[in-house]
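Following this line, the structures themselves.
Two complexes come next, and they have one chain in common, chain A, joined by chain B in the first and chain C in the second.
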Partner chain A sequence: MTDFLQLTVAGLSQGSVYALLAVGLIATYTVRHVVNIAQGDYATLAGLGSISLVTAGVPLPVAILIALVSVTLASVLIERLVISRVKNLTTLVSIILTLGVSTLLQAIMLLVWGAEAKRLPAFPGSDLNLGGVSIRSQELWMLGALVVVGGGVLLFYEKTRWGKALRASAEQPVAARIVGISPAAASIIAFAIAGFVGAAAGVVSSPIYLSIWSGGLLLGLKGFVAAVLGGLVSFRAAIVGALLLGIIESYVAGYVASGWKDAVAFFILIIVLIIRPAGLVLRPNAVRV
Partner chain B sequence: MSYLNKAALRSKTGFWPNNRGTIIGVTLLAVVILIVPFTATPAMMNIAVFSLIFALPAIGLSLLMGLAGQVSLGQAAFFAIGAYTHAILLQKFEMPGLVAAVGGVVAAMLAALLVGLPMLRLRGHYLALATLGLGFIVMIAVREWEFTGRTTGIYGYGRPEVFGVPIDNNGLFFWFVAPFVLLGLVLALNLTRSRAGRALSAVNDSELAAESLGVNTYALRVKVFTLSAGFAGLGGVFYAYQVQIVSPQVAEFHVSVELLLMVVIGGLGSVWGAIAGAFIVELLSEGLRDLIPAIIPGATGEVQLIGYGLVLILVIILLPGGLYQVVKTAWAAITSRIAARRADATGPAGAAALPGGAADGGTGEAPTRAFGGLPGEGRSGSDANDVAATSDDDAEGSAPVPTVSTPVAAGTPILEVRGLTKRYGGVVAVDDVTLTVPAGQIMGLIGPNGAGKTTCFNMITGAIAPTSGTVSFLGSEIQGRKPHVGAEAGLTRTFQNLQVFSSTDVLGNVYMGRYRKGRAGILRGMLGLQGREQYRHEEIARDILETMQLGDVSGLAAGDLPFGRQRMMEVCRALASEPALLLLDEPMAGLSGREREMLATLLRRLRDAGLTIVLVEHDVAQVMALADSVAVLDDGVLIAHGDPESVRNDPAVIVAYLGTDAEEAEAELKELEEHA
Partner chain C sequence: MHRAQRRLLIPAATAAAIALAFTGCSTSNFGGDSGGDGASEEGPIKIGAVLDITGVGANLGVPEQNTLNMLAEQLNEAGGIDGREVELIIKDNQSTEDGAAKATTQLIENDDVDLIIGSSRTGPSLAMRPLVEAAQVPTISVAANAAIVEGSDWVFKTAQNDLVVLERILDDAEAKGYTKVALVRDATGFGEGIADIITELGSERGITLTATESFEPSATDFTAQMTNIRAADADAVIIWGITPSAGLAQAAYVQLGVDKPVYQSHGVANDAFFEAAGPAADGVIAPMGRLLVADQLSDDDPQKAVIDQFIADYTESFDSAPSSFAGHAYDAWLVGTKAIEEAGTDPEALRDAIEATSDVVGISGIFTMTPENHSGLTADALIMALAEGGRWTLYEE
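Let's look at the complex of A and B:
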């Protein structure tokens, strides 16, 4: 039983990373209908960047802040230089395009930081022990980041005028323009949010899960699996799905074999897509006849 | 999917093949392959061998992307399945090389069939991501499974032997692979021009229109997916032979990225492009592996990825059609210049005739212009012109009409609709409609805007599934089935918003109408054994165009026609399938007065020939004049059904159109009559 609870805790903390990435993916998908394969690379980029800063003597909070801001800017830069350059960007092309971005980012990280995994120092705080189940303070930081950052994005999109307008710009670009939202601005804001959320996931998870140049792709894809569970539109469903995914992975690693852990997400992805494809499609692109 | 079409299928193509281009191309490639081992340096030789090996999965992927309009991010999975199966059969079961190789290809195809059956029901980006997931699953499976040798993989099997000659150096291996690549190339090119290839190309233009002509999109996609995996599996077999160890690396994601890059560079869907792309990517990969450590000391690992990422982004932004587009544009420029010079020589009369055909006359290869070639060789349109000459004389009167099929006697029910209902959430778009359409009649379906006419139509043709109710056509229930089910039985339609196949010409569009009458499958298509059949159907399509006075524009891109003629072309296309029941969705909309008259005359003549026609129409006067019976929908409910005269005087119908209650309407009518 202790094992079970321990695995659940580990799963929840890992799941919170997936949840943050899912939030980033949905942020760009709802506004731009782009599936951003590079979402996970934002996390590794922020992780590796903050590690370098800390190694150079920068205090941890400052290093994290710089990493968050830089990756947010990087995401906006990617939007301006790459995403916005393609006319008639369909979701399918966006996948190929951001796959290129992801590959490029990974290669840059490989050249700058090398092939080894690196670790950011743990955030301050003391570990807890509840009835034999130990909870590391870093795991609380991770869940906290999900609540604050993920919850913040959710509230922004669902409650504020600006957030609703962003969503509207995807559904009704012309109408959105009439009420004064330019699609370009909406797209920039969405990518800024995606960059920030991804960076936050990267820095809070680095002390436990390390940062490695090639790690982002898998992280981002798991975020995507969670986003699919949320139909690519619902932040809440995606967050719940992400936490579930983390927990299931954790059980598989603990009770089956750790090597199979990474396959779980994709089995879930394929099964969900096949069983409920219609329920997952936001707006089926039915041709009007 | 529209991007794929626009980028790669932009070619406005003529119907006629350019087989000479293919033969010259393949011969040239064969000659190059023959001499490469004598001239290349050992390093180049290594690159050349891997280019050929990877060209196979790349050809497969280009078929999948160009023909089936699907993107796979997991092509490496099938490459790996082929490689592992081959290595395991050789090493653990000590099978002969040939058997092991066949085993590898079959295993890849079986795996694809198994996962393709459920996955190909997914749309666009969902399928792409599902295949990506599949790639990871295969990679993890071979890494974790004892049987596949975990992280070390499978090794310790022999090199291939051909007639006792061991293939033990790069030069020999190059020649060993080459025939398979050439064969694969020819098969793939044949496929793009076959009946199946044309159908898939049409699906990329308009899935609904293609399905309404009898194309079973899903089945074709599953077949192409499986075939594509077969190419990947064959590549894997050669890979296993060449590297002599198959480890989980072969299934890694960046292999899939590499294959995707080959296809994107080559030009989405271009088979020749895939081969060029394979060579370029291998060259790039080797070059970067040498170059980057030289620039950045200490750089190790997968440094070539930086080039992959950059090139992928740049090609998509700057050159979405890839190399294929470059070559095509260059060729068009050259030919048009030559044509211009020739025109100068022959005088202005020649110049006027050129623009239609000059641009694509000799591009040689046309993978995604699936309408670009027939296996047969050139034929002039002279005898077709004779038909035109005769039909011109009596255009209005007793001109021949396209063949129609009359499976049941006139007057007996051909289509029966019972309790047809469609709900969208709380809104009832069509409510409990019951109708019988007797054979050999024209039935008009009218009603005010938003009455549910088109929804009704879409349920009858299978474009959407009804919430409840049945549609039986010629006695078999077809509600909720895909449009191709009804189409195969002889029910076809036209569209309110035109659905032309823009990647081909007018003749190609009408030829697609013949799809239902053709038989050749993918295998026959690949082997190029359907020339005669295609030739015959092409002939019929040409005749139909002549009969319908569209013969003069048969070589023009369908999208370039004026609106009215596009509509007529859609009617021709539907008639080409020799339907028993033709459904026309607002056929008069957008037509000029004269065109309307022509169409009305044609419909009457078709009816007299035995065709059953149902038309949805806004123009009430036209319907009343044309139809044998009229059904009126209002607010989703069938409020009247009968001969035009009784419907015209039905108070409920008057109310529906005038929007007042019955007594007021009658009073108004009376008033109008008195004034008159």
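Let's look at the complex of A and C:
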């Protein structure tokens, strides 16, 4: 039982990273129908950036703040320089474009930070041991980041006028424009949110999982699988799906074989796309605008 | 809406699959010079190197690359070998087997190299072996597993054999009265066969292997493996891998509150281990070469002068201390260039000269190659080191 709970804790913390990336992916998908392959690279970029700042003597909280703001701006820059330049942007085109962006970002990170994995110092806090189940304080930070940042984005999109306006500009661009919602502004805000959420995932996870230039793509794809569980529109389903994905990966590694761990996500992806292409929880017509 | 969803998801999924394929083969290396003119005894001497510069072996390949670049520069400044300049061509295998095979083929076909150094890890080194044997190019690997050189005419290596490393570990375990050990090993070539060796060597020492777990070198979470190891109830645990993964495994092990002593391999003989494991590294015992405990060696140690010089040169060039892996590259360069000095670049003669290497004092040990032993090091090349306060200290001599 202790082992089972221990594996669950490991899965939940891994899942919280997937969840944040899934939230970022949905943030841009609901507004622009863009699947952003570079989403995971935001995480590594923020991780590596904050590590450099800490190494240079900047206090950890300041370093994290600078990394979050910089990656948010980088995401907006990518939107302005790449995404917004394309006239008829289909989802497929967006994938190819952002795959290019991802490759470029990785090459830059390799040149700037080198090939070796690096680690951000752990956030303050002491580790817990509950009845033999060990919980690292950093894992609590990761879950906390999911609740605050992921939950914040969810509430923003679903409860505020601004958030609803963002989604409206995707579902009914012409109507949205008529009532005064600027599609360009909506797109910028969506990418800023995606950048911020990705960066948050990167900095909270770096003390445990390390940051390496090439790590973003696989991380982003795991987030994408979680987002697909939510039909690419439901934040709630994607977050639950991401946590489940992390837990299942952990069980597979513990009870089957660790080599199968990375295969789990893509196996789930295939099954979901065959059986429920609209995602796990949405009824076919239940997409809210 | 349902149909719209489906329409959007299917291309998305297709592209995700494409993207996934890209993770396996990101940037390709299209380097390579124009065609060769046959191995000649004139013109520059060409030494090729295939290293794990990016990917999971980066902690090994990067310092190896630094070392070779530094040594090639030093050698050319001193006038090369017999007045011939030495041209060093380094290729990145991206820590993959196919990358190593591709790079090796390029070095042989396009660059027409006289000697090859590499790869950094066992898997890629094994992938190179049939190619260099077919082309008859003398090759010196800087990886560990004895399978790289076993029965080969053309392949040599400079890292200490896994067999002697395990002997040292199990000797220590026997002396401490341990009877049950558990193994957590690298799932790639470096960890291949380790469980069998432990079972075999252990039976002579009254030690049984009670559990084996494995991890990918790219893994970042080790809770699953360590949870199973905790349940195995062994007297001591052997973690067999390279950094950063073996360091992260160490951190997970301590985190889960397992208090049994840990042995690690010579795959963690660098400072990156402490970066990955953090305070969890304290108390780990690992057999390794003398480089990382150089300041604690006695002055009459035959390797001390060579090691001190290398540390000084490397630190001056790269602002960081060299790892054991840098040392393996140094040794490969040393053995290779010494043989070229003696025999020139004729492949057969060069191969024979490497095989005749005798009492060459290197960083990882003192090398004596024979037709049966292409590894050149004995158990004397290893010391036991103890991780203490973020560095390796001499544990017993």
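To be clear about the criterion, the second predicted complex is superposed on the first by the 277 of 289 C-alpha atoms of A that agree within 3 Å, B and C clash if a C-alpha of one lies under 4 Å from a C-alpha of the other, contacts with A are read in each partner's own complex, and residues count from 1 in each chain.
Note that in this section contacts are C-beta pairs under 8 Å (C-beta built on N, C-alpha and C of every residue); 3 or more make two chains touch, one makes a residue touch a chain.
Everything quoted here is computed from the prediction, not taken from an experiment.
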Once chain A of both complexes is superposed, is A:134 in touch with chain B (first), chain C (second), both, or neither?
second
Is A:111 in contact with chain B, with chain C, with both, or with neither (first, second, both, neither)?
first
One more residue to check, A:91. First (chain B), second (chain C), both or neither?
both
Of the partners chain B and chain C, which touch A:101 in the superposed model: first, second, both, neither?
first
Pick one for A:274: touches chain B only (first), chain C only (second), both, or neither.
first
Examine A:189 and indicate which partner it touches, taking first as chain B and second as chain C; both and neither are also allowed.
neither
Once chain A of both complexes is superposed, is A:237 in touch with chain B (first), chain C (second), both, or neither?
neither
With the two complexes superposed on chain A, say which partner A:9 touches: chain B (first), chain C (second), both, or neither.
second
A:259 in the overlay: touching chain B, chain C, both, or neither? Say first, second, both or neither.
both
Under the contact definition given at the top, report the residues of chain A touching chain B in one complex and chain C in the other.
35, 90-92, 95-96, 99, 102-103, 106-107, 110, 114-115, 214, 217-218, 221, 224, 228, 257, 259, 262, 266, 269, 273, 277, 284-285, 287
Touching residues (chain side chain A, partner chain B) in the complex
35, 82, 85-86, 88-97, 99-108, 110-111, 114-115, 214, 217-218, 221, 224-225, 228, 257, 259-260, 262-263, 265-267, 269-270, 273-274, 277, 280-281, 284-285, 287-289
Applying the document's contact rule, which stretches of chain B touch chain A when the two form their complex?
1-4, 6, 71, 73, 115, 118-119, 121-126, 128-130, 132-134, 136-137, 140-141, 143-144, 206-208, 253-254, 257, 260, 264, 292, 296, 298-303, 305-313, 316-317, 320, 454, 458, 463, 495-497, 499, 585
Which part of chain C faces chain A closely enough to touch in the complex?
1-2, 5-6, 8-13, 15-16, 18-20, 22-23, 26-27, 53-55, 58-59, 61-62, 187, 213-216, 219-221, 223-225, 227-228, 230-231, 244, 248, 255-257, 272, 275-276
Name, in rising order, each residue of chain A that touches chain C in their complex.
3, 6-7, 9-10, 14, 33, 35, 37, 90-92, 95-96, 99, 102-103, 106-107, 110, 114-119, 127, 129, 132, 134, 136, 208-210, 212-214, 217-218, 221, 224, 228, 231-232, 250, 253-254, 257-259, 261-262, 266, 269, 273, 277-279, 282, 284-285, 287
